Structure formats: structure tokens, C-alpha cells
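Listed below are the structures to be examined.
Next, two complexes with chain A in common: one pairs it with chain B, the other with chain C.
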Partner chain A sequence: MPLPPSIYHLSSSHLRLDGRRWNELRRLTAQISTQASADGSSYLEMGNTKVLCTVTGPSEGKGGGRRGDEDSMSVDVRVNVAGFAGMDRKRVGRGDRRITELQNTISSAFSSTLFTHLYPHSTISLQIHILSLDGSLLAASLNAATLALIDAGVPMRDYLVACTAGLTPPSGRGDGDDMDPLLDLNGSEETEVPFLTVGTGGAGGGDVGGGGGWV
Partner chain B sequence: MSAPLPPLAYPGLPLGPSSLYTPGPGTHLSPSPSSTHIHASLAGRPILLPPSNKTSTLTPSTNNKATKPTPSPNNRGGAISVPSILPSATHARPTSKNISNKNVLPEVGSVVLARVLRVRGRGVDVGILVVYDKPIEGGPGGGKEGKDGGNAGWGEGNVCGEEWQGVIRREDVRATERDGVVCAEGFRVGDVVRGVVISLGDQSNYYLTTGKNELGVVMAKSEAGNTMVPISWREFRDPVTGATESRKVAKPF
Partner chain C sequence: MPPTIPPLLSPSELSYLHTSLSLTPPIRPDARSPTSFRPLVAETDLLPAANGSARLCFADGTEAIVGVKGEVEKTTNTTTTGGRSGGKGGGKGGGIDVIDMDVDEVEEVGSGGEGRWIEVSVDMPGQRDDDAMVVFLGEMIHEGLVADQFLQNRLVINNRWHWRLYIDILLLSPPLTYPLPLLSLTTHLALLSTHLPAPVQGLEKDDDPLFNDDWDAAVPLYPPSTPTNPPNPTSNTNSNKKPTTARPPITLLVISIGSNIFFDPSHAELAVADSVVAVTIASSSSSSSNEAEDLSLLAVRTIDPPSRLSSSSSTTDADAGREEEEGVWKAKKGGVRRDVLGRMIGMCTERGGVGAEVLSGLEGFT
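After this line comes the complex of A and B, so read on.
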């Protein structure tokens, strides 16, 4: 059920539901080397979205070269959404299509960012645990994974960062001038507003890729 | 002279023009052909290696010690390197002095310490944790007994970077009455076992034997979780509860 359009109509208050302006990020905190037992690890908070990422490897692939790509490292991504992550407690199954797509997106993003050719016949596995879910899931996962990979010392072309952006619906008064872009959507905004997640390299490179999602 | 190297580099950070430097370990050339910069591929403190030929090399190194940025009065003919300040993926666990970055490989005759991972009817799966330097004398069959308080002369223990899979087959558990061995009476999951590699085994396992007096379980915990002491060649006792459990006991020195 859409919220009243006035919530997005910034000309009145210029503030969003959570008090941010249209171009403001949520509070961002991050730590690396949080898990001593992993090769690399990170913990990232984007507002109320909290993500823990650990990296294992590169190590010899399980199944001994069963994977097709022999010349380069394969990036294995497991995303685990904790049952308590959302507003209502529910189990997200392993076969969830949304999660599978998320894993594939992250895997392909890092396959092109890491120097996978340096590690033939090997697998690097990223475990991403979503501890708290409040929007920008893909962006937070990518950012946390980048930090964990830097911590692990895996050579990469560039660091990969991601953020979401959305566009508010027109207020219905006609001209469409009142549609406003929004940066870093939270969970409730994500359910109401079409949005896109953009991942990009840092200073050294151009766009790495983008993945999207919309209502 | 170009701008000095940044004190800290992160992946993707431009370090210097490739016209002045050559990329060393931990760096790469920019992906786009339009710009000709050397970029870091790792997080670390970049260093400038001394000029070797006619070029400078920029490399991020993975060595923790050589991380001081070297100012270069003349960087004609040097290389830039980025040593990682963070543990690299392959050398990540500096826990013990004996741990070696080179992979320690057991060979036939090596004395090893292994942890029991699974006990089955036909054998015991173990993970090899430590490999001693010197193979046991006279091969797995012979060998001398430890005379002094030391470790019977098989040298220094090297901690394996990763656990190697091994198996003690039922017939290799002890030297006598090999047919009557019951694996569950000799080992329990979590025991630390001293054994000798008798063969490189099949594709995934080293084959070990404990078929000598000084080979067998060296450390075991009871069901109650207390470390036990050996009381005979086939029994450990929990000093707290007094319960005894049967093991293939290694002869203490």
C-alpha cells in the first residue's frame, strides 16, 4: 500500500521519512578484520542494514576442477539472511530466488574486479550474513565484500562500491517536476519507490556494473 | 621527479605514471589505455624499489617489514611496490613461530601429529597438523626408541599451514593382532595422535600407522571433557572422575 505521496513531496518539508534530505546517506560504519579465523572479514552498517562478510581462500576448489573455468579463480558467494533480520521473523530458504540472484550479481561483480587469473584452479568464497535488513541489501553486501576482500589481501583492479538510488512518484499534480531522486533508500522507501543499485570502481577505473531492483 | 608515493595505498589508487616507474608486485597498470598510471592492487604502504635496469618499479609488497616508503632522490630506474600491511590471503595465520609459510608436506616415514576427525569401522580419519623434520630412522617399520627426554630424534615440528587429510586404516592401528582391532577402542574424535606416514595413500588421504610403541594417542579428553593421563598401554584415565577409557596409547617419553 503506497504511503501518501506527500511523504515524498519534498517541497513541503525537504525531509524524508527518516529525516534525511534527498541526497543524504544513512550513517555508515565499517570494520575490517572482525573475524580472526577467516582470511578476511568485515562488518558494515548502513543505517539499520547490518552485514557481516567473511572471505575464505583462495583455496583449491571443492570437487577438484569440476568447475568449468580452469584458468581463473571462481568466486563463490553465499548470502545468508538471518531469520531475525527483518521486521517479522521469517526463514529465508536457501533456494530463495531473490537470494540466488543476489549471489550471482555479487559473484559476477567480483569476478570482473578481482585478478582472478592469478589463482587458477581455485575458489574464493564469500560468506555474507545479513544481520539486520533495512534496504540497500545489494549495496551493503557489495561494500562489505569489498572490505573483506581488501582485508584478505586479494589483488583487485579497484575497490568496488555500491549505493542505491530511487525516484519518488509524481504527486499527481501533473507536471512531474515534483519527482525527486533519493539516495540510499531504506527499507520502507524501497518498498514504495522504484530504485536501482549502482556499483562502481573507485578513482582508478570506470563503472564496473550495475544491478537493479524495483517494485 | 613525480609526486611522492602516498603513505597508504588501497586497491585502485593511482601511484605514479608508468612512464617513470614500472609496476612491481601488488600493483597493476590502469585498465584503460587512455591513462598510463600504475595502480595499487592491494592495501598497503607503497615502496619504491631501487632501480634495477633503466626503469623504476612500483610494487605493493606483501612483506610487513619492508613497508617504509623509500624516498627516492633519483627514481630513474626503480620500481614501485605496494607491500600489503594486511595479512595476505596465503599467509594469514601468524600464530606460532614454527608455522611455516611454505607448505609443509608429509613424506613417507615422516612422524606427524594428527587430530582424529572421524572414527569408522574400517579406519580412522585424521587431519595432520604437525610434521616433524626428520623421518623416523629405518623407515616406518624400524626406528629407534626415544632414549633421552627429547622426541626420539625426529627433529623440530613444523605446523602445517593447512590440515592434511590422513587415514589410519584398521590394520595399521597396532603391530600385533592386526585382525582383531576395533577402531572405536583405540581412538575417539578429538584425540591427538602421533603417527608415521607409511604411504602417500590415495588421492585424498595420507596413510598413517600407529603400529609402534611410541605411536598412538598422545592427548585425549574424556567424555567429561577433562584431559586424561595414560595409565597403561591401552587405557587413559580421567583424573577428575576417575573413569578410564580405552585408547591405543603412545608410549610417553
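After this line comes the complex of A and C, so read on.
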């Protein structure tokens, strides 16, 4: 159900549908060391998006150098969207293309942030469980993965943190000056406005790309 | 059976463990009594988008999350006997023989629910969805849930509509030990915390259902027991005549070493177990309501003990008649003795026994 664009036409006093201003984040809660049997684990809530991440390794890769990258550690990311994550019960298959893209994005982001050259011939695997899905999936996954890697004590250049930003549609009157940015979109906003997830590695690392997420 | 990690214990360590565990009274490595459990961490109602959810962490670090979601679905065949497919629902466990279950036929036509309205799926890291063990675990939990007709009958809304229950079980940690007890306890907690929207009163039997959108008015799937006042048939407002003590089943892992029986075995104790048995028990909903504490036995499964996988087991027939060496323990061959198995089941199901204690302990979480 598309909402009229005027809803997003913000002035200084206008609020979003969930009562936030344009620059306000949802409630953010995080824990580390949530699971005793994992090398590193974390649990992150951004509003109603709840993500659990466990880290295994660095360990010797299963294929024994099958990846061909012998000089540095490979980052293996598995994203698993639980069947009860959305509003309707839906199983997301392992071969889903959006999931594969998400895995590749997270993997490439951490390949450049972690000191992979310290662990040749090895693999670190990140298992990301999406327990509840309400927008900002990529940002929540990256933040949870950073926390789990901190818990695991894997050396990295800087903490990789991410946030989602969207842009309200133009009202049609002006020349685009009335388009307003929105920070940390929730699920219903993600279906309405174009958005981008930006991950940053702080001062040392610089920007680490991003991409549109779960549309 | 799951790919259990072979115990990394030396022959003398195994011998020491086995000797101290077969003493009377036995000495467990962590000085617990044979029936005491290690502490576990649990929370319920943690997912906003699910009807019920629970997270459980065992002391060995294994962790599981279960989410229960309900969907309203049209009942297709209202005239056929509902309970016919009760025991073997799901249809996904092809080839798995459901044993030692007695599923009673539903006597009332149309009022009984069907087992396939409950869908259990198990997700384990590193395992395919159609992996034999994953399907088998899901089917074992499913058959326990549908064994007494309580849950199916709760799902009936009216003659034309029913709830379909999706139980998604997510094992978050690698399966260090046999995962069925963890999964069944987590499922138990999730089902206890499950609430379904309350139907709007005053509708005809065949109307499309309308639900109260106030979440506070939602009815629990398993009605809470009332420990303050003894079971009182007149206060039972449910339309069906079941007592309010019906509870989802739980599975306990029990091991025997010599003639000693241990609950909640640790990894080291599993390594020297003579026999490993998974006992599934449930509050019997069919008993009269003043015997609320009676537990019924749903299933007993023997599990190949991990000691058989280790090198210390004597597998060749040549070793069969040989005397045991001093200080070296070898895994016992053969099955469980009848009296040991009987005592195991007795300890699980007796009034005030371990099973009742676990059930009441789990109820404290919700």
C-alpha cells in the first residue's frame, strides 16, 4: 500500500510513522558473549530487527586451500533468515539471491577490515541468524558481526559500523530541494523510499562501500 | 544419529571416569547428585513477530531458539474423521517409521484437529534442510506434540477454520552433544509462551473468524495451571473437557553407567556411558484431573553411546571373550538391562520425580 508522499514531506516538526524525527535512530541494544560454545558471539537489536551472530575460527578451512587464497584468511559468511522473522511465516531458502548478495557484501566488507594476512590458510566463519526482520538488515548484520568479531578477539583495523539512510520522494513542486534524508529506516519505510546502507571503518579504515539492502 | 565429536580423553581418564561413576554412591566429575541438572539459561517471548518464542542455553554452551507462529487456515475436509492422519502428519518424514506411539483416533467427527496442522522445522548450522537427522529430529518432536490430541484440538476455531502452527527450531550452536533434549525443552517453553488472538465472541459456528486485535486479550495455547487452588472442574471454562494440566512433552537424556543412572550428562560422562536413552514424557491429559501430577511416557529411544565411536571400544569379535585389562576401560557391548531401563523410566515419570521437577521448573520461566 503506497503511502502518499506528503507523509514524508518533512518540516522541522514532522515526525515519521513510528514517531521518530528524520535523524533519530531506533532503540539500539547489544550484547556480546551470548553463547558459551562459540568463539565469539553477539546479539543486536535495532528496534524490531534482531540479529544474532556467532563467529567460529579462525580455523583451518574445510576444503584445505580449496579457495586458492593461500596468503590470507577467507571470511565465510552464512546468513540465515529464520522462518518466524517476518510478519508472515516464510522460509527463505539458502539459495535466495538477496541472501547471497548480503553474504557477499558482508564477506567483502570484513575481508578488507580484518587483518586477514595474519592467518594464512585459514577460514573464519560468521553465522548470522536473523531472528526478527524490520528493516536495516545489512546494517544490523554488519554491526552484529563487528561485535562478535570483537568478542572473538580477531584483530581488525577498526570497528566496522553501518547505518541505513533513505531519501524521501520529491513532492513534485520544487526541483528536488524538498527531498529529505531519513536515518535508520524500518521495514515499512524501506518499501517506500530509496535507501542506501553505508558501512564505515572509522578514521583508520575509511569507507567500506555499501549497497541497497532488502527491498 | 548426530555426528558426535569423539571424546578426547585418554584411556586412563576414561577408566577413572567410569570407575568413579559406577561406585555406590557415584561421584560425578562436577560433584552433582545423579539427578541434579546443570544450570541453564532461558528466556521467553523475545521475538515481537512470533506468537511465542523461547531461547534456551544449556550449560555446555549449546543454544537454541524456537519461534512459534500461527496462521488461520481453511479446513478443507470437515466431514472426514479428523484424527486419521494424526500421528504421521507433516508428510515430510517419508520412510521414517513412527514407533512406540499410540495415537488415539478422534471419536467426534469434525471437532478433532489434525496432526499436519502443526509443522515443525529444525534448522541446524552446517546441515542441509533435507538432511536425514534434521528431518528425523523434527519428526520426533512433532510426534510427541500430536501424541495426545490436546494441541490439535486447541487449533480448531470452528467447523471451517483452524490455526496452522509453524514451529521453527533454530539450533544456534554446533551440535556438541545429542541435541534432542535441548530442542524439546526449548519447544516446550516456546509453546508455553504461545498466545493466539482471542476470537470475537458471538459468532456462528461456520462464520469467518474475527479476532480481537488487543494482544492483551490473547489466549494462551496451553492454559496456565493454577497451582494456588486445586483443580476444580467447575472453574474450567474451556469448551473441551480436558483438564488444564496438558503440557507439551519434554525429552530428557538419561545415561546409565553400571547400575547407576544419571540425568543431564556432561560431555565427559557421555563418553563413558554404557547406554544413552532419550525419554519423552508429557503430562497425561487423559487422566482424571485430580491426579494432575501423573506423567505419561510417550517414547523411549536408545541412542548409540559416543563411547562406541571411540577407539576404546572393542568392536571385533576376537576381543569379545578377553578379560579386561587393569586400568583400561572398554565400552560395553550389548543393550540396556531391563531393570535399569525400568528404573530410568520410573525416575522420569513417577510423581515428584525428575520429570515432574523439570516440568515445574520450566513453568517458572514463563
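Here, the second predicted complex is superposed on the first by the 204 of 215 C-alpha atoms of A that agree within 3 Å, B and C clash if a C-alpha of one lies under 4 Å from a C-alpha of the other, contacts with A are read in each partner's own complex, and residues count from 1 in each chain.
In this section, a contact is a pair of C-beta atoms (placed from the backbone, for glycine too) under 8 Å apart; a residue touches a chain by one contact, two chains touch by 3 or more.
None of these values were measured; they are calculated from a predicted model.
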Clash-or-fit label for the pair chain B, chain C on chain A: clash
First (chain B), second (chain C), both or neither touched by A:179: neither
Contacts of A:161 with chain B and chain C, given as first, second, both or neither: neither
Partner chain(s) touched by A:39 [first = chain B, second = chain C, both, neither]: first
Contacts of A:196 with chain B and chain C, given as first, second, both or neither: neither
Touched partner set for A:83, first chain B, second chain C, both or neither: second
Partner chain in contact with A:115 - chain B first, chain C second, else both or neither: first
First (chain B), second (chain C), both or neither touched by A:30: neither
Identified clashing stretch of chain C versus chain B [27-35, 315-323 or 351-359]: 315-323
Chain B and chain C contact sites that coincide on chain A, given as residue numbers: none
Residues of chain A that touch chain B when the two form their complex: 32-33, 39-40, 55, 57-59, 115, 124, 150-159, 201-206
Chain A contact footprint on chain B (complex, rising order): 10-14, 26, 28, 30-32, 37, 39, 41-43, 62, 84, 86-90, 92, 162
Touching residues (chain side chain C, partner chain A) in the complex: 46-50, 53, 57, 60-63, 65, 67-69, 71, 121, 123, 125, 129, 166, 168, 170, 172-174, 176
Chain C-touching residues of chain A, taken from the complex the two chains share: 34-38, 48, 50, 52, 54, 56, 78, 80, 82-89, 91, 94, 127, 129, 131-134
